[in-house]
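Shared between the two complexes below is subunit A, which has subunit B as its partner in the first and subunit C in the second.
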Partner chain A sequence: MADTALVDLLTALADDELVLGHRHSEWTGFAPHLEEDVAFASIAQDEIGHAAAFYTLVAELTGDDRDRLALGRDHTEYRNAIICERPNRDWAYTLARHWLYDTADGRRLEALERSSNESVAALATKIRREERYHLIHADSWMRRVAGGPVEGRTRLIDAMALAFPEAVGIFEPVEHEDELVERGVLPAASEQMKAAFLEEIRTALDRLGLPTQGHAHAADAAEFVASSSGDLISQGPAAREPAEASSNGVGGRSGIHTDDLRQLWEDMTTQYRSNPGATW
Partner chain B sequence: MFEVFRRSGHRDPFEHCGSVIAPDPEMALLMAKECFLRRREGQHLWVARRSDLHSFSDETLLEIAADKSYRFPEGYRDVVAKREKARARAKELQD
Partner chain C sequence: MTVGPDPVSQQAHPVSQDDVWDALRSVPDPEIPAVSVVEMGMIRDVTVEGTTARVVVLPTFTGCPAIDVIKTDVAAAVGAVDGIADVQVELSFTPPWTSDRISSEGRKKLAGFGLAPPTGEGPVLIADIGLPAFAVCPFCGSRETVNENPFGPTPCRALYYCNACSNPFEQFKAV
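Then we have the complex of A and B:
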């Protein structure tokens, strides 16, 4: 019988990468400038490549087919974290999520590199090499937007207020996590990784001069910010839409998703559903 | 220190050919012309301060860590065979 707990964990990892990779790919042709368009499309492909690698491990355990796992399931069967399925909104939100996700993923892969399951450990090591570059990419953008002109900075603060609370959902445990931790397959419990992640993010936000409270509104922090010309500009809250209330980002690991996933799924699986089992 | 790049014609890429020590760009061009374009090795010359050239401090970032066959034509080699097969099957169904 297949190792249910491990299958659940690998499926969650794969679904995170596939769904976020698909969201990233939606920028293709629309990113803020051409070079970034190419760079971000490559990152999207990397994430989908990681998903393919995780689905391959699942397929080996269950005798299933990795394409069917990726595209042939109903949207209610996906186990990705809610934050991965959220629409891109603007570049600031995409950047905030990319940074939060890859930081969280770094924590997760760091633990999985020490997994007692050799295939999982080897794959985590391989993926982490690429994720290291993704983090450099995200960090480089964050530093520039956070320290740049007021509009970008303000948008980033609003985006972070939406994304940060939901990013915590990346560490929502899969059903039989205790068993995986006990067996050493998952060498760190989600709670433990979450604490380390929150500490890392708060320190980084502090260094970037961004609010560290998840729900803080941009106006609290961006009242006077240096513009690109060096002048101090006052930015009133009336200039922007108020930040939307966001969920706590939990539920995805047990298949409870937002309608955003259904919409993404319709789009992502159109081709597969029109001709199931076709190969490319 | 200036790095020197030269090319032959407008269609050729500039290629690095060496470096010269000079106090400023103007002198660097003169030195470069004497050192690297003595025998019609090219028709165009660039110089750039070495401090203006940048590289990754960790070049392992440039290695390709995972399967990227989709970036290479070889990754699509079997498409032709699959298309032929699909055509044959379509014809079969039509007959």
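Then we have the complex of A and C:
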């Protein structure tokens, strides 16, 4: 019988990478400038490749087919964190999510490198070396936008207020996580990784001069900016698109998703569903 | 001689691992045909038992789309070795492939192909900016180069510009 707890963990890891990889790929042809078009296409390819490697491990455990796991399941069967399925919104949201996700993923991979399961440990070690480039990319853009003109910084603050509360959902544990921790398959409990992640993010936000409390402080982000008449006007989040109400980012690990996943799934699986099991 | 393989002479001259390695040296990296999979450091192990060869391949990047092509090419080349009837090609991430596995000959061929070899071991970072510090221009050999994008047309390539000869070029990423 398949190792259900391990299958659940690997499926969650694979679904995170596939779904976010798909979102990143949506920038292809549309990114704000050419180099970022290339960067997001490449990051998407990395993430989808990592998903394929995790699905391969699941397939070895269950005898299932890798492509069917990736594209042949119903959207209610996906176990990705909610934040991964959210639309790209604008460049600021994409950047905030990219930075939060890759920082969280770094924590997770760091733990999995020490997994008692040799296949998981080897794959995590390999993936982490590649993910470093994603973090370098996200960090350099965070510095650039946070230290840049008011509009960019304000948009980033708003985006962070949306993304940060949902990012904790990345650490929503899979069912039977206790068992995986006990066996050393998952060497750190999600709660423990979440605490380290939150501290790392708050320290980094503080250093970037950005609010560290998500929604609670977003209203403080108002800035005085020059109007066309030259007068200084106060421009806060209220003057822009209101932040949409969101869940707390939890539920994805048990298959409770937003309609954003269903829409993404329709698009992502169209080809597969048109001819399941086809060989290309 | 026009007759088929003679079982007696096969027993007299069993296939050696070296024969398989020689065959693998003829398998190019599909995306960088100037360099073989052996020079890329992608072949971890070769074992031969009787007429069965087993080859363990280390993927350069987890998401490398060329992996399936490499598996097929490796199986075909090894299968063509006289005396080999069965080839098993396995992928492994143990140890992780790293760019320092590329041989010195492989590095020369990468540069000859117009692709700067990876710099140092693992990403060489400028502390504050966090991008690979430099690449050696494959066209003029200058180090007066700037990283324009840590990402490129494939997962394994980064984009650079040479200030000395004004050519854009790609580097095989250090990983």
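Keep this in mind: the second predicted complex is superposed on the first by the 261 of 280 C-alpha atoms of A that agree within 3 Å, B and C clash if a C-alpha of one lies under 4 Å from a C-alpha of the other, contacts with A are read in each partner's own complex, and residues count from 1 in each chain.
Keep in mind that, in the parts below, a contact is a pair of C-beta atoms (placed from the backbone, for glycine too) under 8 Å apart; a residue touches a chain by one contact, two chains touch by 3 or more.
Small disclaimer: the values here were computed from a predicted structure and weren't measured.
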**OP:** Return fit or clash for subunit B versus subunit C, each positioned on subunit A through the superposition.
**Re:** clash
Original post:
For A:Ser25, is the partner it touches subunit B (first), subunit C (second), both, or none of the two (neither)?
Top reply: neither
Original post:
Looking at the overlay, what does A:Glu118 touch: subunit B (first), subunit C (second), both, or neither?
Top reply: second
Original post:
Is A:Ser140 touching the first partner subunit B, the second partner subunit C, both, or neither of them?
Top reply: second
**OP:** Using the touch definition from the top, say if A:Gln192 reaches subunit B (first), subunit C (second), both or neither.
**Re:** neither
Original post:
Touching A:Thr279, do we find subunit B (first), subunit C (second), both, or neither?
Top reply: first
Original post:
Of the listed segments of subunit C (7-15, 43-51, 61-69 or 79-87), which one clashes with subunit B in the superposed model?
Top reply: 61-69
Original post:
Do subunit B and subunit C touch any of the same residues on subunit A, and if so, which?
Top reply: 45-46, 49-50, 53, 126-127, 129-130, 132-133, 136
**OP:** Using the touch rule from the top, collect the residues of subunit C that touch subunit A in their complex.
**Re:** 61-65, 92-98, 122-123, 125, 129-131, 148-155, 159, 173, 175
**OP:** Would you tell me which residues of subunit B are touching subunit A in their complex?
**Re:** 60-61, 63, 65-68, 70, 79, 82
Original post:
Okay, in this complex, where on subunit A does subunit C touch?
Top reply: 35, 38-39, 41-43, 45-50, 52-53, 118-119, 122-123, 125-127, 129-130, 132-133, 136-137, 139-140
Original post:
What part of subunit A is in contact with subunit B in the complex they form?
Top reply: 45-46, 49-50, 53, 126-127, 129-130, 132-133, 136, 279-280
